[in-house]
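Here chain A shows up in two complexes: once beside chain B, once beside chain C.
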Partner chain A sequence: MSTFKYGDEKITSREIMIAIPSMIIAVGILTFPRHLAELTVASDGWISIIIGGLIAILLTWLVAKIASNFPNQSFLSYASTLATRPVAIVLTCFYVIQGILITAFEVRAITDISHQFLFNETPVEIVGLTFLLVVVYAVSGTRAGLFRLNAMFLPIIFFTTLLLIIFSIAFMKGSNLLPVLKTDLQGHLQGTMKSTLSYTGIGILFFYISLVKNPKKAPSRAAFGMGLVVVVYSAIYLTTIAVFGETATANIRFPLIELSKTIEIPGGFFERLESIFFVIWIMAIFTTTAMALDIAVMALNSIFPNANKLKIIFLLSPIVFFISVLPQDFMDLGTFGDYVSYTGWGLTGTTAILLGILYKVKGAKKRGK
Partner chain B sequence: MVNKGYHQLFIFLVLTLLLSGCWDEIELEDRAFVSGIGIDLVESQGQNNIFELTDQLVVPAGLGSPTELSGEKAYRNLTQRGDSLFEINAKISKQANRVLNPDHLEVIIFSKEVVEKENLVADLLDAFLRHQNMRRGVLLAIAEGKAKDLLYVETEHAKLPAQYLSELLVNREIPETIEPIRIGDVHEKILNNRSFILPELAVYADNSVNYQGIAIFQGVSKKLVDTITGDEAKGLNFIRGENQEGSITADVEGKKTTFSVLEGGSKIKLTNKDKNNLSFQVDIEATVQIAEYFGEIDFYKKENKAKFDKALKDKLTKAAEDAVKKVKDELQVDVFKFDEYLRMHHYKLWEVIKEDWDHGENYFANSDLNINVKATVREPGNTIRIKQDGGGK
Partner chain C sequence: MTRSSLIRRLKLKKQQQMKQSSKTSSKQIEITKNLDENIKNLKEVLGDPGDLIVRELIIGGIESRAAIIYISGLTDENLINNNILKAIQLNLKEFEGEILEKIHKEVIAVTDVTKAEAMDEISFAILNGNTALYVDGSETVLLLGTIGGESRPIEAPASETLIRGPRDGFVESIETNMALVRRDIKDPNLRFKAHAVGKRSKQKLVVCYLEGITNPEIVKEVNRRLETIDIDYLSDSSYVEQWIEDSFLSPFPQLLNTERPDKVSSDLMQGKVAILVDGTPFALLAPITIGDSLHSMEDYTQRWLTASLLRLLRYLSAFFALFLPALYIALVSYHPGMLPSTLAYSIAATREGVPFPGAVEAILMAITFEILHEAGIRLPKAIGQTIGIVGGLVIGEAAVSAGIVSPIMVIVTALTAIASFSVPSYSVAITFRTLRFAFMVAAALLGLYGIILVYIMVNIHIVNLKSIGVPYSTPFSPTFTKDWKDLILRSPITSLTERTTYLKPKDHRSKDIKPE
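And now, the complex of A and B:
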């Protein structure tokens, strides 16, 4: 089996490029137009998306750059080299917790949404458990398999999103997009803050780059992958604003779901399309959830190299399920989501800056010798 | 080995049970699709209103196949009374032997009585916008009489009254009608306290419904203020620059001439930006073809063609001015979309005046409006004349 291309758990930098949008695009895509429309005037939210996106691209590049300086080394090992081993272990533990939290949030969010729109009678716990079991199944296999799954799903996700936008054209009103650039600075700042929440998950690069055989190209590829997300987000945002108008968008809980319910394919034969779009979004959320759990497993495995991967998974998944049923209602869930996103940014940002500075300092020392 | 086989069988059985999602299984035959909803007011005392809700359920057997219409009735109307729409709907399901499903709802009709009450239309739309199975593309209309009656009008073309009504709302042949208004459009207007319009329908005969006119709603009070019809409705459409295809009849030297509009459009310009003396310039453009003419002038002569142009221009100007008189001076409600124009192109000014735009200070009613019509007869139709001057001698 060692001659088999994916048999040795190695990936290429192209797969990193695919992993980034697969990780970033998650539940947030269904709700972010609402948050942005609340804060900005008419279609101005796209500026916040772009600025937030540029920050995210920068961080992606930085993280990938740091990680790619240590090819084939795990996060724990290069973090130990740069900042001492205890610090590295603490950081790794944080990533385990972060991975568990993201998984739990995504499971709960997709459970609530599908309960509301697809299964009204099925108990939420059953829906959540079923989804989690499939995620566990995906994570139990080879890591390279997960990346191939991403590569298979992502084009479908992009294609259907494009399809959704094309079918929306008939319902767009140009007047909803005007006036341009009337938001004040405060609105732009808050909008950017909000939009960055939709770019959570960059931290996976600290771990996944170690799987890349030749990570030289990884930083630019990862940044490009993030660029794709920015494009998709801007397109979706402008479409929802053009179809619903800013005030209505700000008052619709899931603007993207509502958009899929609004469109009709000409001909009157396929009136209801949202079930198809649901499949696609669940795929997008599935890849995010699987990767988040995988990172938790991978981080834990690096601390306990002798532990069996399956045992770690079976240890983590009950915890994930328990956390996912904790939020009481939609308010709790929203707070939970914001919290997960902010801590994600905080953790990734801190790690990147800390390791970046240490790398520079140590590198300078080396050159000084 | 045998043991392992049993394990797999067990897991397989559990999975089939878990993954089939049988909790939510409802067969298509057990669903009753609601295609139209009519809402009437039965009783009203202060804040307490009793509504009558009529659900039109599709009877698939009655629809037959597209080529072969069956003779049976294709619908079943169920009516109940109560004070909340969702609750009435729950009551209706006590009458229905199938699970009500609003996925394919096409049209919602409010009776005039309901929408004349302040804010009531906004309150009632809430149930439709909140429910997760409702689409924002559902059409809205007002019934002159009882909304329920419209759902009983059977026609030869459409077996389903709701389908007939929704097709009627989409079919726009004359400029007295407006583009179909969807629930999502009204949601945006209501949220912004902007005035809006809805089509008004009335039962015309046993087997037809008539597009009565355009119902005008005040944005702040969210109630029906008046319905405009005929030339005023045409003028409204010409100023809005929408749905201008259709016919206009004018007199040319005392002889009736009907023009059919090929192309049209309008442009709004703000000529005075002082908020107390706002002044708008509306340029209306129309290119027409002659559809019917009772006279005998040869319009291949230049001066004669000018006569037609002039007659058309005067007629359009009059219709537009009538609409302005009615809408701006009498009703003082902006449905000309000036609010949209100001928001789009004069955002700073709009931020200052939007709270008092068409109520309170009412900058809209105090503004000046200048209408400028450019009308061109492009084609005379297939025949030049069908009778000669003095042909009777």
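And now, the complex of A and C:
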């Protein structure tokens, strides 16, 4: 029943703004301070985060701009108009694969981390499978429902992160942040490369903008959403470095979880809060995973418009599960994650540049006539 | 997919049944000019019941035979004796021409009089408590509005008590209930759209809304759904609720029930629709969202600060009611390290003699409590106290000293129970009770991880759920920040100048600012 307009399958630009942080913030938030601290001196990593963030904001804006030029059109249809249909189908297929890979990576990552922090006797496969089943349940629902879910979870995630930073203040040491600006250019460059990996997932805009009723504001809203992520990342990075120092951060596997282990909540009712914080970050990881799978389903559905959505989901989820159990250990998983992120950037960047250029050329032709 | 096809199949089946039933009940009995024959026919239709009163009489003045027929118990007998019987017998006028017309206009002192010529109409009116006046030699029958009989007086609602606020509650008579709403809202735009529901019971159902405020789409949708109701008898408005709700698989109530006329009136003012059903004191309100589940009328009768704090307290107790036993299971069985060491030791010490794991212990106690709760409701008040004593022994001292549960578990169970009673609506409290068990099972299987997965699933369900087309997760998401003024906190009455925006009312402002 669609009695009310805001109840239908259409979304608003504000929901796109919320979807971006929900998509970007995932497992990466738990590990990125380590990668950055390895490459930069003291607190200098924030520069890499900001530069990487600016690149990400730019790409977000570009992708949203291209997509919003074709309101209410699916990626396949406007990509076919700009490039040719075969090219569009190949690109869409890449997005299907990308969606499957991200889903599999997140499922596996959450399995490993829960295994380490919550329980170590339950078989890993069960942990991963239950998570995947909940993801499947979310994707089987309405797409607008997924966006509403983002809006319900994101404030909780931001609030928890803020709480974590506030409670860390007591443990910060100013000396840990110094010296400032001692990293060489090489370090900054590598750091920026590494930090961009934490901004994977911009590609969803190619698909989700088609659901926006009036996408005029979508590019700026999406860019703003990305801006929020940059702020959150910088704050987390600085807090981690201030509490642990550069060397320790570089050697901690999950600096953010370690941070929540350190802090104390007054009242003494709970000790060792990492489980509580981790459980709330599961929500952040969940929204990412659900959207990634949804993109795969949506892309596949655009190629086969007559296929039943549920059938596609039931076809994809075993593949996801199979891929998720493939990595042998945590090193393997890290490589897998990097690979997924690099291909994500490559794919989104290539598509954006390709379609952007084609749009300019075709637009110029039209104007010429 | 499967659900919609199931519904379609059910609908097809129903249509076929309806076709058959309309064929069988089409015999019509004519009204004749002969009084005796008419009475005989009527008795035959109604099966000559013991409570059918047939009073034959002679109309004074013209000496014509007549009869008044009614069912005792459904009628106001004083009215029949004084204004009908006496008036006809003591009449001294002599009529010429159409007798019935003259009696109607000059003799009978009853306001609601209609004429009828069909047997169906007459029998239905009599069963409703009207009185039929047959006059020999006339093919028309007068139906006199004498509906009355015993009914419960207006009392304070039993299920929603307030410290401060109006004391009247709905009763079983729909006319009284409509009057109660009218007494609150003296607005000519208050609309009562009547439906007849119940194929055999023919109960009156009224959709109540404010023209010019309520979004017409909501009213249209509610009316459309009500028209699909195809059932013999509705013992309560919950039949309507279950028939028109958006998802019958959901544990969440999608229409709110209330016994309070003030609640109905204030929700109508916000742009909601109320459904009143004859024979039940429970009115239905729609559309509702997750935010309404923890609101009480008390929030508006107390000052805003008190009300906001009470609401926060209620949110906290909802959290306890949902999660406390599950958290106990998760912490004791999976994450004992999360508790401060001294507390962890003392819990471990008290659990020393307990033979069961935390999950079994918690589920055992929760089920015991549910049984006690259910038994307490069903028992007469006099025996109810016994249950209290027995229950106190079972979940209290005895269970602990027998070594079946630990003292901390007793605290958890008691706190959960008290917390779940502070949820203002019983149907929402039941939802929480159901979900609590889901959380407990999840915690027993996967600890905190299981709890968060079930929490995510509940959220997925809520964002996909709708109440009369309005997403259940509104105004959190889709976000309507203006409605947040009266959501978790209740801001001062002077600032609540706009109607609930997610209901898209036709007229936004609820208070006009007076020019200075």
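Note that in this section the second predicted complex is superposed on the first by the 365 of 369 C-alpha atoms of A that agree within 3 Å, B and C clash if a C-alpha of one lies under 4 Å from a C-alpha of the other, contacts with A are read in each partner's own complex, and residues count from 1 in each chain.
What we mean here is this: a residue touches a chain if its C-beta (ideal position, glycine included) is under 8 Å from a C-beta of that chain, and two chains touch if they have at least 3 such contacts.
Being a predicted model, the structure only gives us computed values, none of them experimental.
Once chain A of one complex is fitted onto chain A of the other, the partner contacts of A:Lys261 are limited to chain B, with no touch recorded for chain C. When the shared chain is aligned, chain C comes close enough to touch A:Tyr137, but chain B does not.
Contacts of A:Thr122 after superposition: both chain B and chain C are touched.
Shared-chain residue A:Ala170: touches no atom of chain B or chain C. Once chain A of one complex is fitted onto chain A of the other, the partner contacts of A:Ile156 are absent, as it touches neither chain B nor chain C. Shared-chain residue A:Arg272: touches chain B and chain C both. Ranked by how many residues of chain A each touches, chain B and chain C are led by C. When both complexes are overlaid on chain A, the residue A:Val361 reaches neither chain B nor chain C. Residues 118-119, 122, 130, 271-272 of chain A contact both chain B in one complex and chain C in the other.
If you check the complex, the residues on chain A that touch chain B are 41, 116-123, 126, 130, 171, 175, 178-179, 182, 243-245, 247-248, 251, 258, 261-262, 264, 271-272. Those residues of chain A whose C-beta lies close enough to touch chain C in the complex are 1-4, 6-7, 12, 14-15, 114, 118-119, 122, 127, 130-131, 134, 137-138, 141-142, 145-153, 268-273, 275-276, 279-280, 282-283, 286, 308, 310.
Taken in their complex, chain C has these residues touching chain A: 1, 215, 217-218, 221, 246, 334-335, 337-341, 343, 446-453, 456-457, 459-460, 462-464, 466, 468-471, 473-474, 476-479, 502, 504.
Across the interface of their complex, chain A is touched by residues 18-19, 21, 23-24, 103-104, 132, 135-137, 184, 187-188, 191-192, 340, 343-345, 347 of chain B.
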